[in-house]
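Heads up: the structure comes next, in C-alpha cells.
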Amino acid sequence: MPVEVWDIRPALAPMVSFVCALLVFIGGSRAGWRRFWSMSAALLKFIIVASMLPGTVGGVAYTFRFAEFAPGIGIGFRADALGMAFATVSSLLWVVATVYSIGYMKGERSLGRFFGFFALCVSATVALALAENLLTLFIFYEVLTISAYPLVVHDETPEALRAGRTYFTYTLTGGGVILLGIAMTYVVSDGVLAFGHNGIVPPDTTPAVLAILFVMLTLGFGVKAAIMPLHGWLPRAMVAPTPVSALLHAVAVVKAGAFGVVRTVHDVFGVELLRQTWLPDALAYLAAFTIIAASVMALLQDNLKRRLAYSTVSQLSYVLLGIALLNPWAAVAAVVHIANQAVQKVTMFFAAGAIQRTTGKTNISEMSGIGRRMPATMGAFGVAALGFTGMPLLAGFISKWHMSVGGFDSGMWWVALVMAASALLNAAYWFPMLYLAFFKPVSEEPTLGEARPSLLYPTLVCAVLVILLGLVSDLPGMPLSIARTAVAQAFGM
Amino acid sequence: MRRLATLLLLALLAVMLLSAVVELPAPGSPEMPFRSHVSQHYLEQGAEEVGTTNIVKAVLLEYRLFDTFGEAAVIFTALAGVLAVLPPRDRSGSGGHHDRAAPGQVTGYVVGRTVPAIVIFGTYLVLSGHAGPGGAFQGGVILGAAAISLSLGVGSDHAREFLPEHVAAWLHGAAMVVFLLFAAIGPLTGAGVFAYPSTAALPWAREWLMLFIEAGIGAASAAIIASVFWSMEGRA
Amino acid sequence: MSEWPGQLLVSVLALPVTGAALCLPLHRISDRVATAWTLLVTTVTCAGAFMVSVRVSHVGPFSHHLGGWLAPWGIELRADQFGALVGLAAPVFALVVFYGVRYSRHAVEAARRGPYDALLLINLGGLLGFSFTGDLFNLFVFMELFSLSAYALVAYGKQKVAAAASFRYLVMGAFSSLLVLFSIGLLYQLTGTLNMADMAYRLADGVPHRPVVLAFGALALGFMTKAAVFPLHLWLPDAHAAAPSPVSAILSGLVVKMGIVGLIRTYDIFQGAGGVDLPTFNMGLSTLGAIAIVFGAVLALIQDDIKLMLAYSTVSNIGYIAVGLGLFNESGLTGASIHIFNHAVIKAALFLALGALTFRTGYRTVSDLRGIGRRMPITVGALSVAVISVVGVPPTAGFVTKWYLAVGAVAAARPLLAATLVFSALVMLIYYLRIVNAFYFRPAVHEEVERAVDPPLDMLAPVVLLSGASLALGLIAQVPIGIALPGVMRLLGGG
Amino acid sequence: MTMLLDRADYVLAIILFLIGLYALVAKSNLIKKIIGLNIMETAVFIFIITGGLARDGSPPLVTQDTTSPYHDPVSQTIVLVGIVVAVSVTALALSLVTRIHAEHGTIEADELRGGR
Amino acid sequence: MSVHSNSLLSPALWAVLLPLAAACLSLLYGRLPRRGRFLLLGTAPVASALFAAILVRGVLAGSSHEIRLVRLMPDVYLSLRVDAAGALFGLSVAVLWSFIFVFSVGYLRDDRYAGRYHTFSMLCLAGLMGVAYAGDLITFLAFYELFSIMSYALIVHEGTSSAIAAARKYIVYIAAGGSLLVMGGALAFSASGAADFAAGGVLGPGTPPTTATGAALLLIAGFGVKAALFPLHGWVADAHPAAPAPFSAALSGVMVAAGTFGIVRVVYEVVGARWLAVLAIDRGLAAVAAFTAISAAVVAIKQDDLKRRLAYSTVSQMAYITLGASLLAPGPLTGALVHITNHASMKGCLFLCAGLLARNAGITRVSQMGGIARRFPVTMAAFTLSALALIGIPPLAGFVSKWVLGYGMLDAGAGGYLVVLLGGAALAAVYLLPVVRIAYLGEPSEEREGSLAPARPGNEAAPSMLAPIVALTAITALLGIAAFADGSALSLARLAAESLAGSR
C-alpha cells in the first residue's frame, strides 16, 4: 500500500486552473489576457502533476484534506497511481488543447465564457482524478457536468440547446443515481468512503445489497462512460465546437465516467469481493456488446465527428471490459487505454477540426482528396487510425495486447475475439476514409494549403505522442508503468 | 357542495375534540394539576414579593413582564400594519367631500355629556391597576373608545383636535419607549436588563416603575385604537 | 444577575421591537435619519444574535431568567442549538434590510416607508424571540409578533392581488395561532406550567393520554401551517409572490422556518409524553415532505413568473426539511436543521437577485427577461450560482443537505424517499436550465432589458455575498453542522 | 352523558369554536370570515378561562379575609394577552378588507380569487 | 554463441532503418533533383543488400547476435536477432528489391505519383527486413503489419476501379490475418509468459493442449492469409494484375514468402515442433499445403491473363515451401528455405518480363503474346529461362530446391508427398511452356494494336528495365549451378534447417 505523505500539490493542481477560470471570467474580453492565463494555467498544472509523478511511481501517495463535514467525509485529495494516470494524461492533453482552441476559436463570440468554463472543466477533471474519497469524486464529477454544459451549447443554436438539454438529462440522472449509490455505500460501510483500502464495502454485505449498489454505481458512472444503452447524449453533444468535443468528449467528461467505474470496481468494492459475484461478468458482457455495436454504428455515420463519437463510445467500453475481467493484465489494459485512447482520439478530433476550419467540410463523403491538400493533418489522422486498428508499435496495440492476454489469462477467450472484431471494425470505418483522403483520384487540383500552424502543430504533437506511447510506453513516467503500479496496488500484488 | 364538505369536516373535528375533553378533570375541580404548581406559588408569595394584592397584575407586570412587553409590541405592530395598508391621506384633500351624515343633535348632546365621564374612569383604571382590578390595556382601550365615540358624535375633525397628528406619532410608541427606558434603567441600578431594581436598594422604585409602565401602555393603546379607527374611517 | 450572555440575549430580543417604535416618528422628521436608525438597530441586533449563536456553538445552550425569577415562575429565555442556527442566519436578515433600503425607496411611497421599517424590525425581533425563548406562551407572543408584521409586509406588494394574498395569509396564520393558543391553554391545564422544559418533565408522568394527544395534534398542526408543510401550504405561493422581493426573501428564508423551529420545540415537549405516538407522526411528516418536494417541483415547472416559481421552490424545500424531521435519525435531522440555515441563505440570494432584475427592468417573467445575462452579468451570475445551490449540485450548500437527507433516507431503509429526494432536484435543475438558457442564450425582447445594467453596489453586494455564501457553505459546511449536531443528539438522546 | 354535563363549559367552547370555523371556511364574504375568526378566538378564551376558574372561588385579589380558593391568575393573564392579540389581528384584517374593497370593489372571496 | 551486443552499429538495425530513411526522403520526391533522386533512393535497397550479405557471411562464420532496441512491456522487447533463416530471407529480399527498384525507375518514368510509390515501397522494404531480422514474435508482428498495410497503397497505386476493388479485398484479408496473429500471440504469451522465439518453441510442456492448439491454429492461419494457403488465397489472384508490375514482382517474390517465413518461425520457434506433432497439426498443414499446390497449379493453366497465371503459380510454389516446413525434418526444411530464395529470383524475373510486355506492348493476356519473341527477344529469352527453372529443369535453381525437397521427403519417410512434388512440376510445365511456345512459334494475332510495328531490333525496352531481368535470370542460373558450393544459399539453408528443426 502506498505511503501517505501530506502534500499541498494534489489540491494545488485543480486550484491553479480554477483560479485561471475566475481570472478569465473577469478579464475575459481581452484576448491577450485570456490567452496568457489559459496557457500559463495549463502549463503550470501539468508541471505540478508531473512533479508528483516520481513520488507516485516510487509508491508515495500525496494526500491533502480540507473541509471535513464529518469524520471521514469531506473534500480530500490523494494522488495515488490510478489518479495520477488519469490526471497526467488530462493535464498534458490540456496544454495541447489550449493551444489548439486558441487557434480554432479565433474570431468566435463570447470567448471569455468559453475559456473560463474550459479551465473550470479541467480543474474539475484533475480534482476528480486525484479525489481521495467517493464524495469528493462525486462533487467534482457534478462540477464537471455543470461546467461542460455552457461549452456544449456554446454556439447558442437551437440544436445546440437541445443537445445541451439531452446532455443534462442523461448526465444528471446518472449523477442522481450515483448520489444514491454513495449514500448507500456510506450507510453500508458506516462512514468510510476513502479509497485506498482495496474495497470499502464490508465483505459480509448481503448479495442483494451488493448487487443494487454495484448496479447503481456502475450505471451511474456508465452514463458518462457512454456504455451502450446510456450513450445517447455523446453523439448529439458533437454539435459543440471541436476543441470541446476533442477535450470533453474524448478525454475529460467521458473518461470521468470510465474512471469512476474503475474506482468503483477497484476501490469501492475491491477485486476479491467482486470475484465471488456474477456482477463483473454482466458488466463485461455489456461492455463487449457496446464495443461491437458502437463500432457498427460508427460505420453507418457519414458526419466525421459523429463517427468519432461512436468510436469513442466503443473505445470507452474497452476500459470497462478490462476492469470487469478482474484480471491484472486486463486491468493494466484498461488503465493504459485511458491514456492511449485519449491521445489517439484527440489527434483525430484535432485533425477533424483542422479540416473543418480549413476546408469547411464535415462529412466524410465530401473529403475525397483531402490527403493531398492537407498531407500532415491527414498523416496524423492516419497514424491515429492505425493506432486504433491495433497496429503494433502504436498506442492502441499495447492496450489490445494486454486485453487479449488478460482475457486468455482469466479464461475468457472471447475477449480476444472481441478485440479482434473491434480492430477489424475500426479498420472498416477508418481505412475507407484514408483511402478517400489519399488515393481517390480527384479532378480539381489541391488549392487550399495545410491548416493554420496553431491547429497543425497540436495535431502533429498528438500524433507523435501516439507513436511514443506505442514505442517507449514502458519508461517510468509513461502511462503503462503508472498503470502497472496502480493495478499492483489494486490487486494487492 | 362545499358546505357539505365543511360540515362533514366539522363533525369529525367535534368528535375528536369532545373525546379528548371528556378525559379532562371537570372545570374548577380542585385536583386540576395546575392548582398545585405555579399559580399556587403566585397566590401565596405573590402579594409580598410584588407588593400588590392584584395577583393578575403581579403576574402581568412582574413575573411575566416580557409577555406584557410582547403584548404592547403586538398592538403597536397592528397599528404599523394598519398604517402600512391604509397610509393616512393628507387631511386637507379628503376633508371636503365627506358623504357621512352630519352628526345629529341627539348624539352630539349625549356624547358631550358622557365622554368626560368615560375619560375619567379610563384614567382611573390605568392608574389604579396595581391595587384593585383593572390594568393598563383595559384603561387604554376605554380611552380609545372615548375618542371614537367623540369623533362619531361630533365628527372626527373635531375629535382629532384632541389628538393631533404629531402628538399621535410619538404617543403610538409610548409603550415601547417606556420599555426601552425600563430596560436601560436595569443595568444602571445593577439589576440587569429588563429587571426591576432590588427592593432593598430602592424600595419605592418598583411601584413607581410599575405605574410608569402602566401609564405608558395605557396612553399608547388609547392612541393606537383611535388612530386605527381614524385611518379606516372614510376609506370604505 | 446572570452574567453577560443573558443580558446580551435579552437586549437582542428587546432592542429591535423597541427600536421599531421610533421608526414611525423619525420618518415624519427625516427619511435619512430613520433609515440610518433602522440600519443601526438591524446591524446591532443581528450582530448580537450572531454572537449568541457563536457562544452556543462554543459553550452549548445557556438560558436567562427574566426578572431574576427562576424557571417555572418567571419567563426563561433559552438559546439552544436550533435557536443558534436561526441566529446564524440573522446576518442574512441584515443583508436583506441593507439591500432593501434602495429597493424600498424605489418601490414604497414615502408615507408607508415608516411602517415598513418598523414592521421589518418587529419581524426581526419576533423571529429571534421565537427562536430564543424557553417559555411556551412567550413563544406564542413572539409568533404573533412576526406573523402580524409578515401579514402587513406582504400587503406592500405592488400587484393588485397583494391585499387579497395578504388577507388569505392572515386568515391561515390566525387560524394556526389559535390552534397554538388552544394547545397552550390545554397544556397549561395539564401541567400547570408554561416553561417548556418543566412541561416536558411533567408530561412524562401520569397525565391523561387523550388530551395530551389533542394538545400535540393542535400544536403540531399549528406549526405545520406556519411552516407551510404540504397540505397546509396554500397561502404561501401567492403571499411570497405578491410581496416585494426583500420581504419575500425574509418570508421564504426565515419566517417559514419558524414553523419548523416550532415543530422541533413540539418534539422537545412531547418527547417523553405517554400516549403520543411520535414514529407514526414522523412517518406521516416525512411522507408529506416527500409529496411537498414533488408537488413544489412540478408546480414550479409550469410557472412563467420567476417569483411564483421561487415560492413553489420554497414549498419544495420545506418538504426537504419535513422529510429530514420525519426520518428522525441522526443524518436526517442534521440535514433538516442545517437546511434551515442553508435555505435561508440560498433563497435570500435568489429573491434579492430577482429583485435586482425587476428593479432594473420592471419585468419578472422568464419570457420577458430574455437576454439579460449579458447585460447584468454579475447579478445573473449570482442568480445562476444560487439556482445551482437551491437544486443541490455538489460543491454548493444545497448538496450538503441533500447528501445528509439521502444518507438518512437510506439509513432509515426508505429507498423510495431517497429516490424522490434526488430526482425531484434533477427535475428542478432541468427546469432552471430554461431560465439560464433564456437569460444567456436568447436575444433580448424588451428594450428595458437591452438598457439594463448591474444594480448599484449597495444592492449588488448583498446578492453577490449571499450567493457566494451559498457556494462557500458547501465547503465549510461543518460550521452549521457543528452547531446542529449536539442539538440533534440531544433530541435523539432524549427520545 | 353525565361526564359531558359537568364539563358543559368545555362543550360550549368547542361548539362555539366549530361555529366560528364554519363561518371562516364556508362564508365567502371577508367580513363574515373575520367575524367567524373572532368567534373562534372567544371560544378558545372561554375554554382557557373556565379551565382556570375555581368552583365558587373568588378573583385573585389577595386580601386577608377571603378563605375560598382563588381563580387561577395565569389563565387570566394568558387570556388578557390573547384578547389584545385578537384585537390586533382583527384590526389588521379589517384594514386589509377596506383596502381590498377600495381596489377591487368587492369583498367576496370567490370573485377575488377569480380576478387574480 | 549469441552475443547480446547492444551496439547500434549492428548491420541488422541499419538494414531496417535505411529503407525507413529512404521512405522519408522520398516523401520530398518532388523537390529532389531529377537525376540525383534515383541514385539517392537506390542506395537504400543496395545498402540493405550489402548489409544482408555481411550478416550472411557472419552467420556462415558461426556468429549470430541479438540486439534489444526498446522495452515495449515488462518482458517484451523490440529486438532484432540474425539467425541463418533470417539472414537468408533478408538477403533474398534485399537483392530482389534492388533489382525491382531499378526496374521501377524505368517503369514509372512518367507516373505522376511515383514519389508516393517509392515511399511506400521503401516502407515495405523496411517492413520485410524487419520481418527477416525480428528477434521475437511482437517485433515480427510489428514489421509484418507495417509492410502488409503499406502494400495496400501500392496495390491501389494505379487508381483503376479493379485496383481499388483488389486493394479493398486485400486489406480485408490482411486485417483479418493481423487480428488472428495478435490473438494467437496473446494466447501464446498468456500461456508461456514470453513472446520471443525460443529454439524448441515457447509453449512449455505444461501448457494445456487446447491453448496450444488454439495458439498454433491462430498463428498459422494468420500467416496463412499472407502465405496464400488454400482457403485464404482469394486476394492473390486479384492483387497481382491490379498492382503496378514492379510491385507485383515484389509481392510474389518476397511478400507472400514472408507469410510462409512466418509460418516457419511459428512452427519451429513459437509453438514448437513437438507440440505440432503431438496435436497432429503438422499432418493437417501438410495436407492443406499439398492440396493448395495442386489446385493452384490446375487453376493456373486456365488463366488467360499472364499475371493472374503467374500469381496462381506463386500460390502453388509457396505451398511447396509450407509443405516442406510442415514435415518437421531438417531435410525438407532445407529444401523449403532454399526454394524461398530461388523462387524469389525466378518469379521476380517472370513478373518483370510480364510487366515490361504490358508497359511497352500493352500485352496482358497470354493469347495476345503470339510471336512477340521476335519483338522482345531478350525479355522472352529471360522469361523462357526462368520458366524452365521454375518447372525444375536441372541445372537451374528450381531443380535444386525440388531435388533437395524431394530427397528430404524420402529421408523423412514422407515419400507420399513426392508424388505431389513431381505432379506439381509437371503441371508447372503445362501452364508455362505454352506461353513460351506461343511467344516464339505463334503468328502475331491481328487484333494486336498497330503500335507493334515490325520489330526494330535494339529498341525493345529501356536498358534500365532490361538489365534487372537479365541479372535475375543470371542469378537463377547461378543459384542452380553453384548450389552445392560452400557459401551458397543451399548451405545457408541447411545451416538454418539444422538450427530450427535439428534440435527436436
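Quick notes on this structure:
Order of writing sets the labels: A, B, C, D and E. Residues in every chain begin at 1.
Everything that follows uses one rule, which is that a residue touches a chain if its C-beta (ideal position, glycine included) is under 8 Å from a C-beta of that chain, and two chains touch if they have at least 3 such contacts.
What you are looking at is a predicted structure, and each value in this text was computed from that prediction instead of being measured.
Any chain bridging chain D and chain E, meaning touching each of them, is missing here; the list is empty. On a Cα centroid basis, the chain most remote from chain C in this structure is E.
By the count of C-beta pairs in contact, the leading chain pair is B-C. Averaged Cα coordinates give chain A a centre that lies 74 Å from the centre of chain B. In this assembly, the C-alpha centroid of chain B lies 30 Å from the C-alpha centroid of chain C. Computed from the mean C-alpha positions, the centre of chain B lies at a distance of 116 Å from the centre of chain E. Centroids built from CA atoms put chain D at 28 Å from chain C.
Among the residues of chain A, none is found touching two or more other chains.
Listed for chain B are residues 17, 21-22, 24, 32, 34-35, 38-39, 42, 64, 67, 70-71, 74, 77-78, 81, 85, each touching two or more other chains. Across the assembly, chain C contributes 137, 141, 144, 148, 151-152, 155, 163, 166, 188-189, 194 as residues in contact with two or more other chains. Across the whole structure, chains are in contact as follows: A-C, A-E, B-C, B-D, C-D. Residues 3-4, 6-7, 9-11, 14-15, 17-18, 21-22, 25-26, 50-55, 57, 59-63, 69-70, 72-74, 76-77, 80-81, 84-85, 87-89, 91-92, 94-96, 98-99, 101-102 of chain D are the ones that touch chain B when the two sit in their complex. Of all the residues in chain B, the ones that touch chain C in their complex are 16-17, 19-24, 32-39, 41-42, 62-67, 69-71, 73-74, 76-78, 80-81, 83-85, 87-88, 166, 169-170, 172-173, 175-177, 179-180, 183, 187, 191-196. In the complex of the two chains, the chain E residues touching chain A come out as 70-74, 78, 116, 138, 141-142, 145-146, 149, 152-153, 156, 159, 164, 167-168, 171, 175-176, 178-180, 182-183, 185-187, 189-191, 211, 214. Those residues of chain D whose C-beta lies close enough to touch chain C in the complex are 17, 24, 30, 33, 37, 40-41, 44, 47-48, 51-52, 74-75, 78, 81-82, 85, 88-89, 92-93, 96-97, 99-100, 103-104, 112-113, 115-116. Considering their complex, residues 388, 393-395, 399-400, 402-403, 406-407, 409-411, 415, 418-419, 422-423, 425-426, 429-430, 433, 437, 440-441, 475-478, 481 of chain C touch chain A.
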